[in-house]
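Residue numbering begins at 1 within each chain, and the chains themselves are lettered A, B and C in the order written.
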Amino acid sequence: MPINLRRSLMKKISGLIGVTALTSMTPALAWEYVLIDDQKPAQNWSIDSQQLGIQTETPFSIQLRTLHGGRQEGVSLLEIDNGTMKITLIPTRGMNVLQAEADGVRLGWDSPVEEVVNPAFIELNSRAGLGWLEGFNELVTRCGYEWVGHPGVDQGELLTLHGRASNIPASQVILSIDPKPPYTIRVKAELREQAFKKVDFAVTTEISTEPGSRRFTLNDTLTNQGDYPKEYQVLYHNNFGPPLLEQGARFVAPIRQVSPFNTRAVPELEHWDQYQGPTPGYDETVYNLIPYGDSEGNTLAILHNQAGTQGVQLDYNLNQLPVFSLWKNTDSLKQGYVTGLEPGTSFSYNRRWQRDFKGLNLVPQIGPGEQRHFQLSFSLLKDAAAVSQAVQKVESLQAGRDTELRPQPLIQPQMP
Amino acid sequence: MPINLRRSLMKKISGLIGVTALTSMTPALAWEYVLIDDQKPAQNWSIDSQQLGIQTETPFSIQLRTLHGGRQEGVSLLEIDNGTMKITLIPTRGMNVLQAEADGVRLGWDSPVEEVVNPAFIELNSRAGLGWLEGFNELVTRCGYEWVGHPGVDQGELLTLHGRASNIPASQVILSIDPKPPYTIRVKAELREQAFKKVDFAVTTEISTEPGSRRFTLNDTLTNQGDYPKEYQVLYHNNFGPPLLEQGARFVAPIRQVSPFNTRAVPELEHWDQYQGPTPGYDETVYNLIPYGDSEGNTLAILHNQAGTQGVQLDYNLNQLPVFSLWKNTDSLKQGYVTGLEPGTSFSYNRRWQRDFKGLNLVPQIGPGEQRHFQLSFSLLKDAAAVSQAVQKVESLQAGRDTELRPQPLIQPQMP
Amino acid sequence: MPINLRRSLMKKISGLIGVTALTSMTPALAWEYVLIDDQKPAQNWSIDSQQLGIQTETPFSIQLRTLHGGRQEGVSLLEIDNGTMKITLIPTRGMNVLQAEADGVRLGWDSPVEEVVNPAFIELNSRAGLGWLEGFNELVTRCGYEWVGHPGVDQGELLTLHGRASNIPASQVILSIDPKPPYTIRVKAELREQAFKKVDFAVTTEISTEPGSRRFTLNDTLTNQGDYPKEYQVLYHNNFGPPLLEQGARFVAPIRQVSPFNTRAVPELEHWDQYQGPTPGYDETVYNLIPYGDSEGNTLAILHNQAGTQGVQLDYNLNQLPVFSLWKNTDSLKQGYVTGLEPGTSFSYNRRWQRDFKGLNLVPQIGPGEQRHFQLSFSLLKDAAAVSQAVQKVESLQAGRDTELRPQPLIQPQMP
């Protein structure tokens, strides 16, 4: 096991109470530190660039800590402060990203769920399959990898909302720092989505950022470790509230087709890319998008505030994540004023309905031993120039092509 | 956050390994100590009046400890020994009261559930919604606050028995002691009953007792933190076994109306306030009561033994908790010989049936930002004089008015 | 409580950081050490025969440790190395036996479930009652004791696959070593399967082995602590993969009747006791067996490799465990290539169907205060001579009597 080899190596290195100078390192080898593995519990711990003997323009630090009390008892948080952006990861909840903050702008949102809830206290099957909502409050919530979508019975089994990934604690969480500039900071971990006869998925997650940057990147690899092809679905539920989301905020992306998710979303179809302020009684509208990308599938999506002076840019690839759900939950502030920019293999219908989509492969398969990669970058757009540059990139990808607005939902799921 | 302010203050104070003299305290400020919060795990810890520098007639002490093994792994217990009465609280289980004991009399009961079960090991949705029974063994079990009652489907969702409150670990558990006589001992904590789009309830619980007394008081505040009105229900499931419960024990309270909960309870209606000894095959009978109170709604309920020489008195307010379930589970000892004196907003039918009650508001609403207070005091009646005095208070409230015995259940729930 | 007496005794003895000489022991008293109880969390700990001052031909050792990360966070493993065989127990999972190894032969199997999963992270009610599969990977998995069998609704309640025992953490785990040769090593623990009004079962488990032996023995006692008779079911799901299981491996036992569990198993009935190699698409076949035993009910079952040079012998008693499920899951290696030798009170149908079996008592009752004992020994057969000797014992018990092959399943459960 490469993990174990690494571990024994690290044990030597980290003998000095977790504080190690980088000086004696061979140039090709990253500095690595095991934060959590089968032998090592999560412990309060921190390290910074000075302790590592690394000279960067912006000093950086990483901190691991554990939450206590309430339904967050025993939850690990891992905070990466790259000197400009502070990114908070949740090993206990599928390596989700709780929030990121730079320049006083917070990427994330205020859910009514105040705690970072330990999956041990969640029954996904409760609330008619909506138990997932008892823990939902992150910037990036992984949905999948067996299924995504609304709860419902498919093939005799209740598929709970958006799958299990976010409620699987990560194993083998390893921090590494590249030995040469830009000294990229990486956290790797593994999610095991396994059940005898049912599924044998391993998801290796990586989050990386560079000291001083306003950007971080997810790099996830799903492996079907089993001997049979399996259906899979994935959706990255990326959620943003104020200050980016506000009355007049805009969603901008190169889009080929827009359709309302359901009849609720039909009346606002014309304004599908515009946001209202906090609106009591609004609940949510969802639009199914099919984006355009470049010849290699690369594309982006932007959310920016009304003035166009701040925003977030999401870079990803349509060959990995071909469809996109735009979730506009511009209800009242306390209800959770938030929008989701959600690239995925699939829309948010229950899996049973997604098999019916003509011409779209919304319930893809992964063969034995096969892998699927999913890469997403999140960049804070700090000023009007950055927003403007990103919008121009979108226009360049749209290249004057039409955006089809389909007046009706692609399908009308029958309630069971 | 006032909590955080308090915390930082306390950190200074509690630097001395949790042992602090009260002497330097300003008179207006209570001595406070954070037992559990997001930064602080529950730890074995104790303090007593001597360490606090407090001179009381009866020295008191408080102890926090953690249980291990079985399904009680990681459960915190908080024991308050006020010098006369020893009260055991369960932060991990909704700040329930496990038991209280004074003068050799135990308030509480012997459930077949021997462990104090960590909610992490309970599926409330198991056993057709009766999973709650796998952890039920307390003196005071909080039921609510989204719903109470028997399991059943309401509005498309299985409501599990008696809600979730007792299976929510408390956050921010704070011990405080008043700086002047009678040096009231208080424990405050918070329960977060939250799910995105579903509910945003915060329940602050307080339990208090005075050194040397045979009484403790619950003071709970439910806040609807959301922006929408919500239905809520609450029922305090207060449970008593021997020695108070025995053949010939009596329930005494000022009562306007009694009705059998179901057909099972019809034949014993005449003896609704009397108890049998342990009776194999008895199972349970339940009576729905509507009590009388004074002009401000204050009322009481009593359970006393056959001889009238020991009892317990429950003081509460009908404006807060207008109806009352009397649960007579006088089955065999090992089956759990117990009676429940249960004031609530609601009876124990599934919520779907309680909306139908004419003239009773059994599924009340709580508006956005609104609060509801629930105060209950438990007093051990140590001798015949104390019992007699309490019974006289009941008679004074009844004031010669009739108690209507309705021969049939108020409703007959249809099974789903 | 005898447990508490033992505990206080042990506290004295184990004051020396868990390392105690046996010398001062009275001959009649076993050396005992509490590994886990309500006051004592599982901690990394080990002891060996030298520390105990015991001279055995093969030195032995015992180690307790805790796993971290992923869904195995907080799981205790207890490894008994008797000098010849290393046996790994899982206190957190019903005192299941994860694996045993001697002479380079591993008893156990490779499930797609790689972690030893903490029950806190499993919803038995998920996957239509198959949540149990998310933790299934042991050599010995206890099934029961309220019910066993496939998931399905019985008497209004979803009975989840194979009951709850394997997902109940053990309490009061006590290690003891006999004071005189052969210095038998024992681990006792208790499982509490309790729910108010539903069940009050206590299961004391004991596993024992002798230094230097290739054998270990389970000795379980189920007690109905309640006042009413209760149905119970138990099945020991004993699972073996390579090297014993391979193309041409054989199951050998004295058998009176064989019938296919379902129509899937009908075509291979003639080869019911033979194994294929890893066979993609095979899934599983199951045969219901009724074994022969000696006049006291003692019997055995054997699995041996194709060459008959290695095997495992299972000794048990038909008065305790009258029927036997032979589970042949000779699917691909990664799917979990495994066979189950499963003596039980019951077959693997849902409980609702097992009440219908004529002449077989597959849903037995246990009266108030009654106990049921279940003893099973597992012996590694290390060479051809050992295998041959075991096979001769089987032949002696079969005594030339017929084995009836019933062509059709005993029943055909109707799907709900």
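Just so we're on the same page, contacts are C-beta pairs under 8 Å (C-beta built on N, C-alpha and C of every residue); 3 or more make two chains touch, one makes a residue touch a chain.
Because the structure is predicted, anything quoted here is derived from the model rather than measured.
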When chain A is superposed on chain C by its C-alpha atoms, the rotation angle in degrees, nearest 5: 120
Same or different contact residues where chain C meets its copy chain B, judged by the half mark: different
Between chain C and chain B, distance of the C-alpha-averaged centres to the nearest whole Å: 41
Multi-chain contact sites of chain A, meaning residues that touch two or more partners: 120, 123, 125
Touch list for chain C against partner chain B, complex: 36-42, 74, 119-120, 123-125, 156-158, 160, 168-173, 190-192, 194-200, 225-228, 368
Of all residues in chain C, those that touch chain A in their complex: 65-73, 111-115, 118, 120-121, 123, 125-128, 130, 133-134, 136-137, 280, 331-336
